[in-house]
Each structure stands twice: as C-alpha cells, then as structure tokens.
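Below are two complexes that have subunit A in common, paired first with subunit B and then with subunit C.
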Partner chain A sequence: MKRLIIPGTLVALILLAALAAPFLGLPDPVRQDIAHRLAGPLEGSPLGRDEFGRDVLSRLVWGARTSLGVAFASALIAGIIGTAFGLIGGWFRGLGELLTVRSMDVILCFPPVLLALLVVTLMGPGAGTLILVLSVLYLPGFARVTYAEVLSARSHDYVEAVRALGAPAPRILLRTVLPNVAGPVLVQLSLAVASAVVLESGLSFLGLGVVPPAPSWGLMIRGARATMEQAPMLLFWPCAVLTLTILAMNLLCDALRDAVDPRTAGTRSRLRAVDRLLPGLLPMAKPAPGTVLSVRGLTVEIDTPRGPIRPVQDVSFDVGAGETLAIVGESGSGKSVSATALMGLLPPVARVAAGEAWLDGTELLRLPEEQMRRLRGGPMAMVFQDPMSSLNPVHRAGDQVAEAILAHRRVPRAEAWKQAEALFRHVGIADPERRLRAFPHEMSGGMKQRVMIAMALANRPKLLICDEPTTALDVTVQAQILDLLAELRRETGTAIVFITHSLGVVAEIADRVAVMYAGQVVEQGSVAEVFHNPLHPYTRALLAAVPEGDAPPAGIPGIVPPPHAFPEGCRFAPRCRHAEPRCSAGPLALEEAEPGRDVRCVRWRELARRGAEVPA
Partner chain B sequence: MSAALLEARDLSKTFPGKGMFRKSRPVQAVRGINMSIARGEAVGVVGESGSGKSTLGRLMLGLMPPTEGSVAVEGRPLSDFTGAEWRRLRRRLQIVFQDPYGSLDPRRRVGSQIADGIRLHGRGDAAKQVAALLGRVGLEPAHAERFPHEFSGGQRQRIGIARALSTAPDFLVADEPVSALDVSIQAQVIQLLAELRHDLGLAMLFISHDLPVVATLCDRVTVMYLGRVMEEGPARPIFNRPVHPYTRALLSATPRLDPARRAGRILLKGDPPSPADPPSGCVFRTRCQHAVEACAQTVPALAPFGDDGRRVACIRAGEIG
Partner chain C sequence: MLWVLRRIGISVALAWLVATIVFMTLHMVPGDPAELLLSTGGTMPDPATVAELRERLGLERPLLNQYGAFLMGLARGDLGVSLIDEYPVLDEIALRLPRTLELILAGTLIAVAVALPAGTYAALHRGGLFDRIASGVAALLLAVPVFVVGTLLVLVLAQMLRVMPAGGYVPFAEDPPRHLTLLALPAIAIAKGLSAVLFRMTRASVLDSLSRDYVRTARAKGLTARRVLVRHVVRNALTPVLTVLGLHMGTLLGGTVLVEYVFNWPGLSTPLLRAVEARDYPMVVGIVLTISGLFLLINLIMDLLYAALDPRVRAS
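Showing the complex of A and B:
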C-alpha cells in the first residue's frame, strides 16, 4: 500500500489539474495576443506565451484534458474489449479463439502509423477519430496478453475445482480467471495509456490528431518546434509534462499490480533477534579416527526483512567411512539447508554463523571458494532431489559425466569418456554406449538419477551427500536407486549423508539416523535403536504418523513453526503431549543418553521409564 | 451390484498425439475399466505415474469425456445430463486435489471460495455454513477472512476439503490428497477423511501411489498399471497377500519402518514403458519375473481369484498366487 502513495498522488494531481481546468481561473487557452508573442514569464502567465501569444500554462493544463482524455478513453476501450476477447478465446478455444484472438492478428499486420493515417484520411482528424484509432491499435495487445494468461490459469487446479462445483462459464471467467490474469492486464493498461499519450502527441504533431487551435501537448510541441531557437522553453514544458505523466502512470500500474495481489502483502510483525550469542562456545573435540565427516554446532543464519533467522541451529553429527547417516525431518526442519551449507552452496543471503565441519582434516565452513570448488565434485559430491532439472538439457549425458571428470583430473577427453562409460555400467545403466550419447529428455526419471549418481561418483568421493534423491521417483524406481546406493557404498566405502523426509526410506538404507525438527537435531542414534525405542516425543509421534496399513496413522497436532517463530525452549513443546512449563524455560542442549545416542528433551528419562512400564 | 452410486463400464480415454508436423502416438491413459462404487464406499486406486489413475478420477466425475464406455450415476449415464440438470449433478460429485498450493485461488479469501459451492446451488446462509465447514475440517471460523497464502500446506488441504464438502456431495474423488504433505500432517488429513467418510456417508475414490495409506482408509482397492487394472478387491487382503506380480512388486518396493515386515524384495527391472507405446498382451510382462511367451499374446482378463472377492488380471495367477 505504501508504494501506491507517491505515484498515486502524482497521477491524481495530474488528473485533477486536467479535470479542474475550467475552474482554475486560467486565461483562455485559445485567446491570441500577438503583442506578447514568445514573451517570457509575465504577470498572470508564469510560463510565458507561445508563438501566438497564448498562455503556455493554460494550454498545458487544457492540453492535458485532451491528451489524457484520448489516452485513457482509448486504453480503457481497448482494455475492456481486448480482455473480454482474450478471456473468451482462452476459455472456449476452437471457434471462439479463431474469432477473438486470431482475428486480432490481422490488426497486428498493419504498421500502426499507416493504419492511423488511413483512418484519419477517411474520417477526418479530431479527438473522436483518435480514440477509435488508438483503441483498435491496442486491442490485439490486450487480447493476446489475456489469452496467454487464461491458457496458463485454466490449467490450475483451483479453476478445475470451481468447474467441479458446477459454476457456469461466465461466473468462472469473471470471478476466478479474471482476478488471476489481472496483473499482466494492468501492466498492459499502463503501457497502453503511456504509449497512447505519446502517440496522441505524435499524431497531433503530424496534424492528424487534435485540430488546432484546441490545445494538446502534441500540438504544443509542433508549434514550439518552429520557434525552437528563439524560445526553447516552449518545447521543454510540454515534453516535461509528457514524461512526468508517463512515468507516474507506469509507477502507479506497477504498484497497483502488487497491491491487488494479496500474496505480496507482507505481515508486519517485528521479530526479536533470538539467541544470537548462544552456539559454538564448546571446545572442539578432534574427530575420531575413521570419521569421514564431523560436523559440530553448525548454525546457519539468513537475513530477512524481518530480522535474521536461523533455519539451522547447533547441528552436530559424524559419518564414518562406509556408513550411511540419514538426516530425517519434515519440510522446514533445516535438513537441506544443512547439506547446502556443508557443500558451500548456500545462497548469498545465508551464511554460516557458527560451527565447524571437518572432512578428513579439512575444515569446510571457512574454506575459500577456490579450495571449496576443488573439493566439490571431488572428495565430496552431491546428488539432488530433482533429476529433471539437475542435468543440463542441451548436453549429452556422456559429455556431462566426462565434464565432471575433467573438472578434477587432467586426462584426455577420450579417456574421460571411457571412464564415463564404465561409470554408467557401474550404476546399472543398460546399453551404456548408446545412453552416453542420449540427451536428458530422452531418459526416464530413474535413468537420469542414475546419471546424476554416476557424475557424483566420477572422482571417487569420500563423502556423498544425497538430498532426497528418490522423492521425485516412483516407488518401484526408488527401490532400484536405494539398492544401487547401498551396493555402491559397500563396494567403494563412501560415507553417505542421506537426507529424506521418509522414515521408511531411512529404515531401508541408513545405519544411523539424525532426526531434525525446526532447525535442530532432536535425536540421533542407530536406526534400529531410534526406531524401536525412540527417546524424543517428536520421534515417537513421527513414527506413529507413518501409515503402515494397520491402525490409522496418528497425526501430530499443529504445524512446524516457521524459522522466525521458533519457540525459545524446546521447539517441539507447543505440539508435544508431554510438554511441561520447564520445557519452554530456555534453550535445550543435545544430551548424550548413552554412547552414540543423543536426545534433546528435558523429560527423556522419565518418559523412557514410563515407556518401559507401559509398552506401546 | 444394483445399489451402485457410480458405475463405470468399459471406460477408456485416449489423448491424441501432439505435434504439428509429426504427430506423436496417442496416449492410452485408461483402458477398459469397469468399476462400481456403492454409497458410502471408499475405493482406493493405486498406481505409479502413467498408470492413468488421475485420468480415471476425472472421468468418474465427468470433468472430461471418455473416449469409449460410460460412467453412470444411479444407473443414468453422465452424458444424459445437460444444462441445469448437469449443474445440479455437479453438486453431488466433488474433488480434492493433490497440490495444496495450486488448488486454491490465490486472490480470493478462503471463505468466499468455500461459499461458492453453497451459493451456486442455493443451499442457504453461506456465512453460517462456511463457519460450520471450517469447523468440520478442523479450522477456525475466523480463517474465512484470510487468503490461501496465509495457511500451511496441511491447512490448505483442509480448506480444499471444506470447499468440496460445501455442496454436500455424495461422492468425492481425492486425487493424491496427502502426497504433497509431511508425514505428521499427512496423518492428520487421513484421519479427517476417515472421519468425514464415517460421519457423512461419503462415497470416495481415493487415488494414491501409496498402498499402505489406501489399506488404512479404503474398503476396496484397484491396482492400476499403464491404464489397466491388474488386481482389485477388498483392500486389507490385497495388502496382506497380493497376488498379481505387479501388486507384489509394488508392495515390496514400498519402504516400511520395519524392513522385516516387507516380504522378500522383488526388484523390478527397468522403467515403466510409455503409455504411448504399451507392450502387447499383458502390459506388465516386460518387467515381470514370471512372464512367459503366452503373456504377450492376449490381454489377460480380470478373473475372480480365491474366495475373498478379489479379481486378478494374470494368466499365471493360479500358479504363482
């Protein structure tokens, strides 16, 4: 709303001046006074007189009436008819599309000035003709913009839902489709008004528009041109108001588009800067031998308009060679942000605020980008969730894998290609020679994920980070990929960090699991122990929520809090059945329950005892 | 089944190939499906991408016309309904979508979107009913004044359900309503659907790729692969003892919390064939470990199997079942 004030006031002032012209007590804009021809500022005419001694200020204001009237009328007429055409064409397709949208293409075939010349010649100059010409000219723009928007809007589920409710077509078009295509149409309107002001001036300048002596900005520029050397300011004034008007219109329409979209209305609540001082004060223990990756106290901070947030806080874990650690959590738990932080791939707004991560004696989090680049795709590699968008669509699969090899090793291209073929065979791609030459779009999702894994394995990484690698795949294909990863790990001894939201997948693939909630690890340990004897109430609730086909799954009430509203104490407390006042007293530490088993809950001991007494 | 609320006969849907110069092959999304849904019954449709399950849902609602066959409501074909009658019919058949973000109009307050169904069918005081519906799906009446972006995924899905219920339908198609949700939220929505079914006597077609979810919620299940039904029958027995090789493979590929509960793993070879170019005979034979030559010859009929009322489309069901 704030953004609307300045352009809104500006446009309102211009419009008001134009509308109020008769009441402003200005001199008659057409009364000539040859005695004061080209005079400078005089009493009663602050901007001076023009070549016929007419008052310039008065002509500017009266000219605004004509110029803006023509521009608004034509843009509105074109806007209403064009939008209606676009709606009908986009919704009914077929004949409707032919009559409304395709017919517009005919108009596009005429050069605009030629069309204007033709109409003016036939109908004679004047404001009415100008409005007609301009609205015809702008019609196709509106029709096409609306048409394209309707085509994309009609594929949305919410449009289908209104159809399923039994709403008649006009109602769907006006109440559901129109508001959702209004943004681009408004922008188009601003462009049309702005360009209509210019075109009106242009046509009037050519003598095809407004008829003298009626004032119009175009006519003023035309008149001033002849006396440009004697009185340059005469040219300046109409040009200045023209520019100002167009700029104000464009700003207003941009602001309007944002204002009518409820999604951009930001909530305004101010946020406290929560616990900035806490983490990272513990002394760092040297990683145990055999540990490939050791993460301690990883904290990621993101600056947002509402203050800094910490989507990941105090995350610690170890992964040994040949071991698979699953990081499991719901959306918003910070599991993917943790992984991108380790890879040094955080977006610019995010930064590591605290913590350390050791990969074989190298600290990752403070490494210069150049050294990080050498690690990525080399000793540490990553497989992403979406195989569709992770491969470059314009390069052959083989080239992309060979590229991954060449980025880290100096080998001839032919050799890299040969290794790529071996990798393809390794990840179970049938007919590797042919597949190497295939483009990504010629492959299925499972095949692409195999290519991604081949790329990740290209330089024999010590650590493989998999970020939901099977989420986009069908279950039967997911089973294949999980099997492949398990087999590769056995063969190569690569440590795997496997990020997933599926507890079933964790049970399939992982040795150990770290359960994350709202940016923190709440429990970790071996999969067998955590799943059979969960210590944290969240882990327990999460396991009970998995549909296993027997009892109906039990949901967890409430929702995961957003990072700017993380509770101060235990972050799960507001949703926890066992919450007590002391749970929310202050930040909790991850406590070692037994060797290799950590939990972040003040009540875990009593709950475990009670759980032992009352078996689930 | 004479008491069928909805009945599909030999339902097929073919989407024409695209492309201006070289037409791609037409996609046979659904082929020869027979299905009947009684009042208050929940039928699950399980399958992977490309199995035609979502198309089947749209066909059952009459939101797209079938290429062959027909769907009948209480014995009367959907194609018989026109004009005002068609709009009145719409009140009875509703849908809940998968994507909680794309299925609500981002520019309208949720109350007004829910009220649509009430106003369109002249079902009385909209404001009061919207409040009641929001309460019914576990939200606050005050939420009616908010916009969709102010809600989480699970809450939006509840709003989508409230919108579907606004017309007091007899039949609801739920197209993967929980697939896009987190586990803890997924369970909330499954609970809600089960309650609604129980309280309102809704008949439901529950489309999902997740067999355990279907087994908890549905009476019967239909397993689809490449547009055809592989196995159908009572949900629980099929979940506990699948017969068709595809159902078995699907179940064995579904990750379970306790991998010991998963019967011996059957790893399918390769990827599902394209629905534009399905194999001859049994469509599953190219990935089936039991396939023999005869499987390529004829399309296996859906035949009764055992005594629990299930039907299986496999010529070797007797040997391997």
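Showing the complex of A and C:
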C-alpha cells in the first residue's frame, strides 16, 4: 500500500493541473506573439516562449488536459464496452464468448501504431479519431480480464447459490460478479491510460494525432525539434513532463497490480542480522568406526520478518555402512530441512547455526562450497520427494544422468552414456536405450523416480539421503521403489537416510528410526525396539493413531506448532496427555535410555513403568 | 511435425483475418471512401473527380466482388498503385522493407545482448546494488516514449556534443562505416523499450527458475555453479522470455515508424507517413499489411523457437 502513495500523489497532481487549467490564470496557450519568438523566461512566462511566441508553461498544462483527456476518454470507453463484452462472454460462453472475447483477439494481430495510422488515413487526424482508435485498441485487454474473472467467479459457491435461487443473469452479473472484477479492471484501466498517453503523444509527434494549434505534448516536441539548436530547453520541458507522467502512471499500475493480486506482492522480506549461538558448544565425540554419517547438534536458523526461527534444533544421529535410518515425523517437524542442510542445499535465507556432521572424516557443515560440490552427487547423493518437478523438463533423461557422471569423473561423453544405460538397467527401467533418449514428460512418475535414483547412484555414493521418495507415487509404485532401494542397499552397502512421515514405510525399510517433533529428535532406536516399546508419548501416540500409515495422526489432538511458537520446555507438552508443569520448566535434553536408545521426555521412566497398563 | 504445420496454418488464417479487417475498415467507415479520401478540410470535392476515383478503385462493383479482387490481388502480391504517382506499392515496399528490417534486427540484437545478461545477473544478486540500479533504469526506460529518446539522443549526441550524426542513410555497399554509424542511434532508440521489458522478464524468469526443484537436483548432482546456471537455470528461463519477446514485437514495429521519422531513416515509415497525410490509401494498406504480416511471421518464428527449446510443447 505504501508504494501507492508517491506515484498516486504525482498522478493526482498532474490530473489536478489538467482539470484546473482554465482557472490557473495562465496566458492563452494558442495566442501567438512573434515578437517574443523563442524568448527565454519572461515576466508571466517562467519557462519562456515557443517558436510562435506562445507561453510554454501554459501549453504544458493545457497539453496535459489534451493528452489525459484523450487517454481517459478512450480508456473509459474501452473499459465499459470491454467489461460488458467480458461479462457476456464469460457468462454465456459458447457463441457469446466467440463473438465478444475471442473475436477481440484479432485486434492484437496489428501493431497498435499501424492500426491507428490506418484509421487516421480514413478519418483524418484529430482528437475524435484518436479516441476511437485507442478505445478499439484497448478493448481486448478489458474483455479478457473480465472474462477470466467471471469464469473464476462462476465457480465460487456464492454465485452458484444466487444462481440456484433463480436470480436473473443480468442481476447476478451486476451484483455479485462485477464487484469482484473491479480490482483487475481498475488495473487494466490504469494500464490503458498510461499506454494511451504514449500512443497519443507519438501520433501527435508524427503530426497525425491532435491537430495544431491545440496544445499537446507530442506536438510541442515536434515543434521544438526544428529549433533545437537555438532553444534546447523547449525540447526538454515537454519530454520531461511526458516521461514523468508516464513513469508515475507505470509505478501506479505496478503498485495497483500488487495490491489487487497478492501473489506478486510482499515476497521480498527484509533480512535482519541476528545473534548466533557460538558453534561447537557440544563437544564432539569421535564417531564410532563403521559410521558413515554422524550428525551432532545440528541447528538450522532462518531469518524471517518476525525474527529468527529454528525449524531444526539440536538434531543428532548416526548411520552406519549398509544401514538404513528412517527419520519420521509430521510435516513441519524439520526432517526435510535437516536433510537439505546436510547436503548444503539450504535456501539463502537459512543457515546452519550450530552442530557438526561428519561424513567419513570430513566435516560437512562448514565445508567451502567447492569441496561441498565435489561431495554432492559423489560420496553423498539425494533423492527428492517429487520426481515430476525434480527432473529438468527440457533435457533428455540420459543427459541428466550422464551429467551427474561427468560432474565427478573425467570420462568421455559416450562412456558416460554407456554407464547411464547400465544404471537404468540397474534400477529396473525396461528398454533403457530408448528411455535414455526420452524427455521427463514422456515418463510415468515411478519411472522418473527410478531415473532420479539412477542419477543419485551414478557415482556409487556412500550415503544416500531419500526425502519422501515415494510420497508422490501411487501405492503399487511405492512398493516397487521401496523394494528397489532395499535391494540396492544390500548390493552396494550404501548407508541410507530415509525421510518419511509414514510408519508403515519405516517398518518396511529401516533398521533404525529417529522420531522428530517440532525440530527435535524426541526418540531414537532400532525399529524393532521403538515399535514394540515406544518410550516417548509422541511416538506412542503415533503408533497407536496410525496403524497403517499415511494419514496424519488423527489420534493426537492439535497440530505441530509453527517454528516461531515452539514451547519453551517440552515441545510436545501442549498435545501430550501426560504433561505436567515440570515438563515445561525448561529445554529438555536427549537422554540415553539404554545404549543405542535415546528419548527426550522428563517422565519417560515412570511412563515406561506404567506403559504396559496405560493405553496411549 | 504436425504441430508445426498446425501452427503455420493458424498464422495463415490470422493473416487472412488481418487482411479482411483492413478491407472492412476501408468499407465500413461511414460515408463514401472516395469522397472521404478526396475531401480535405471540409471542402466538398468535385463530383466528377469523385466519380473518377470511384471508378479507379472499383467501388462501383458489389462489395463481395471487391473483396474477392482484393484477396486475389494479395495472393498474387499485387498491392495496387499509389494514388499520387501511380507507382506500384509493392515496388516501394520492396525497396524500403530491407532497411526497416535491418533496423528492427539491430534493435532486437542490442536489446537481447543487454537485457539477458543484465536480467540474469540482477536475479542472481537480487536486492543488490546492480539489481536496484538496473531495475530503476528499466522503469525509467519503460516510461520514456521511444520518440522522446530518439529526439533527446539527437539533441545531446548530435547537436550539443556533435559526436554522432543526427540522422540519414547511406547504403552499406557505398560506405560501410558510415552506414553503421548512422544505424547506431536509431537502433539504440528502438532497443530501449524492448531491453527494459526483456530485462524485467529475464529477471523474473530466472528468479522463478532458481526456485525450481530441478535446479536443486542439479546442485545435488554436484554440478558446478556455472553449469547449473547455464544448463538448468538460464536454459529453462529462456522460454518465457521468448514469448514476451514475440508479444512486444508489435510495440517495437510501431516504435520503428517513429524512430525512422526521427532519424530520417528511409524505411517503410517515410512512404507510410506521406501516404497517411495524402490519404493515398493503397499505399497505406500495403504497408500496414506488410508490417502486420511481419508481426505474424515474427510470432510464428518465436513459437517455433519455443517448441525447439521446450520439448513439452512439441508433444502437446
């Protein structure tokens, strides 16, 4: 809204000057005074006189009246007729649509200036001709905008409701649809006015618009061209005024458009430098031998207009060679952000605030980008959730896989394609020679995910991170992909971090599981132990609520709090049926319940004792 | 392939529509065209002259008959003769069109060469100093009408600083350096609006492309930043930019008329403006149809390029 003020005021001032021109006590804009031809500033003529001795300031103000008069008149005519056409076309569809909306598009086949010149030839120059041409030119814009709005309004419930009540079409259009159309039409109107000012001045400049001696900015520039050597300022003034007017109108259009269409607005957030926690507060224990990935105290911070938030806080886990660790949690639990952080793919607004992550003796979180790049797609690879959007639509599948090979190894292109073919066969793609040449849109979702997996495996990674790789696929394909991953792990000994919200998938694929809630790990251990004997109330609720899997845990009241509203103490407390005041006393630590088994709950011991009797 | 044929078919149909509309405009304007064309400043034209012109233009024949003859003429490439000097319209266009095309091409090349790198750079450093300055300049360029830019270029570079010629034309074969010097300013004037539009579009398109999943995939593969940028970000950002380029050719072609006038570039606009003033309507119709046809052709080429860049279009 603030962006409307400056251009809005400017446009209002120009409009006001144009409207008030007769009352400003300016000299007659068309009275010639050859004695003062091209005179500099005179008394009563602060900007001097033009080539016929006419007052420049007065002509500028009166010129605004001409330009804006033509522009507003044509924009209004086009607006009224075009909106009516759009309403009719959108409401009646069929033939009405063809006649009122589609037929308008023909006008768009002409370059605007040319159409104008054609009409000027027939009707002669003049303000009337200009208004006619300009209103015809802007008709399609209004018709289209209104048409689109009517179509979307028609699908709204309230319009359907009024319609079902048997209200006549014209009344529905005027009462319910028109108010919705008002915003976009207003934007269109401002665009038409701005563009009409440009065209009017251009045609007048060519001597084919407004007829002299009427003052018009275009005509003034035309006149001043002849004398630009003696009196350059004469050229400067109308140029400046014209440009300023259009600039103000354009800015107003942009601001209006943003105000009407919230999608384009407010995406830019002011970033604020914030305090960081000192890194490395947690002393690093050397990872156990055989561990491929060891994460300690991973904390991710994102700057938001409301201040920094921490969607991931103090996350720790280990994965050994040939082992699959599942990270499970509802959406908003921070599991995907953790994975993205490990891959060094956090968006620019997010950063790792604390923690360490060791991949085979290399610390990942503070690695320079170039070294990180060498690890990505090499020793550590990732498969993403949505195969539909994760492949580049304009490159062939084979190219995209070969590219991954070429990024890490110096092999000839032909060799890379050969390896890509072997990979395709490996991940179970039938007819690999043909599929290599296919574009993503020619493949099914499951096939695309196989391509993504082939791409991830291209350089024999030690660690494979899978972020909900089956969520976007249908059930039978899901099972196939899970089988494929399990098989690949057996064959290659790759360590897998498998992120999912589905406990069914966890049971099927993982050796160990880490349960995340609101940015923290709340429980972890082997799948068998966690499923049989859950220690954390959240895990217990999850298991009880979702025996089969995919729906959000219906048995737990409430939702995961958003990161800026994480509770002080136990983050699950607001939803926990065992919550006590001490649960919320302060931040909780992840406690080792037994070797390889951690839990973050102050009451886990007593609950475990009663666990057998108390149903979750 | 079928897609290409269909797209060409659509262009031909549009060309026919454009011709029909021009024909209808001529005949649907209230009043007798011959009388309208001859009357200047309110004086009633001599009835004998009107009758003679009606005869020459074939206005006595039935409308449908005239329409048929008009289309037949177009199909044969016969655009009639000028009412003023009986010079064949087609010959005039054949002489002038290459000069106009040269100007358009030069202007487009300049705009693309400036706007694509600048838009990409601004998107990659969004909110940075360059982005803010370039976005401001683009807003300003969009606001200055093309003839104002042209006139000011003449005023400053030719009149005040005397570093560039004010305008004119010398055939390339005669004096290549002089030809290019004379081409520079009008080409820059034509490029100004397009480069502003393309800059904005490129910037928005690259920003959009940057946030796509496939760019994340490309980074996850371990590609170098350069390769991610060229093959995945810019390559995909190009298609919407191309569409905008096609759409704005209409404005560009109109702007060319003004620029040629400002710089005395003897392209199509000189005979067009002369003909509009003299109401030499075969000449006006011929040139308007030529430029509109050019517009359709450019959009056809853009669409085919689009299909070459985006395999999904070819499939549908």
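Note that the second predicted complex is superposed on the first by the 444 of 616 C-alpha atoms of A that agree within 3 Å, B and C clash if a C-alpha of one lies under 4 Å from a C-alpha of the other, contacts with A are read in each partner's own complex, and residues count from 1 in each chain.
Rule of thumb we're sticking to: contacts are C-beta pairs under 8 Å (C-beta built on N, C-alpha and C of every residue); 3 or more make two chains touch, one makes a residue touch a chain.
Computed from a predicted structure; not experimentally measured.
> Between subunit B (first) and subunit C (second), which, if any, makes contact with A:475: first, second, both or neither?
First partner only, subunit B.
> A:410 contacts which: subunit B (first), subunit C (second), both, neither?
Once the two structures are laid over each other on A, A:410 reaches no partner at all.
> Pick one for A:609: touches subunit B only (first), subunit C only (second), both, or neither.
neither
> Between subunit B (first) and subunit C (second), which does A:556 come into contact with in this model arrangement: first, second, both, or neither?
Touch status of A:556: first partner only.
> Pick one for A:235: touches subunit B only (first), subunit C only (second), both, or neither.
second
> Quick one: which bits of subunit B touch subunit A in the complex? Just the residue numbers, please.
Residues 48-49, 61, 63, 86-91, 93-95, 97-99, 102-108, 113, 116-117, 120-121, 147, 149, 152-155, 160, 163-164, 166-167, 182-191, 194, 209-213, 215-217, 239, 249-250, 252-259, 261, 265, 267-268, 270-272.
> Sort out for me which residues of subunit A touch subunit C in the complex.
Those residues of subunit A that touch subunit C are 106, 108-115, 117-123, 198, 201-202, 205-208, 218, 221, 225, 228-229, 232, 235, 239, 242-244, 246-247, 250-251, 268, 343, 345, 369, 373-378, 381-382, 384, 386, 389-395, 403-404, 407-408, 439, 441-442, 452, 455-456, 458.
> Touching residues of subunit C toward subunit A in the complex: what are they?
Residue positions touching the partner: 14, 17-18, 21-22, 25-26, 29, 33, 36-37, 127, 139-140, 142-148, 151-152, 154-155, 159-160, 212-214, 216-225, 227, 231-232, 235-236, 239, 249-251, 253-255, 257-258, 261, 272-273, 275-277, 279, 281, 284-285, 288, 291-292, 295-296, 309-312, 315.
> Touching residues of subunit A toward subunit B in the complex: what are they?
156-168, 171, 175-176, 179-180, 182, 260-263, 330-331, 430, 444-447, 474-480, 482-483, 501-505, 507-508, 531, 541-557, 559-560
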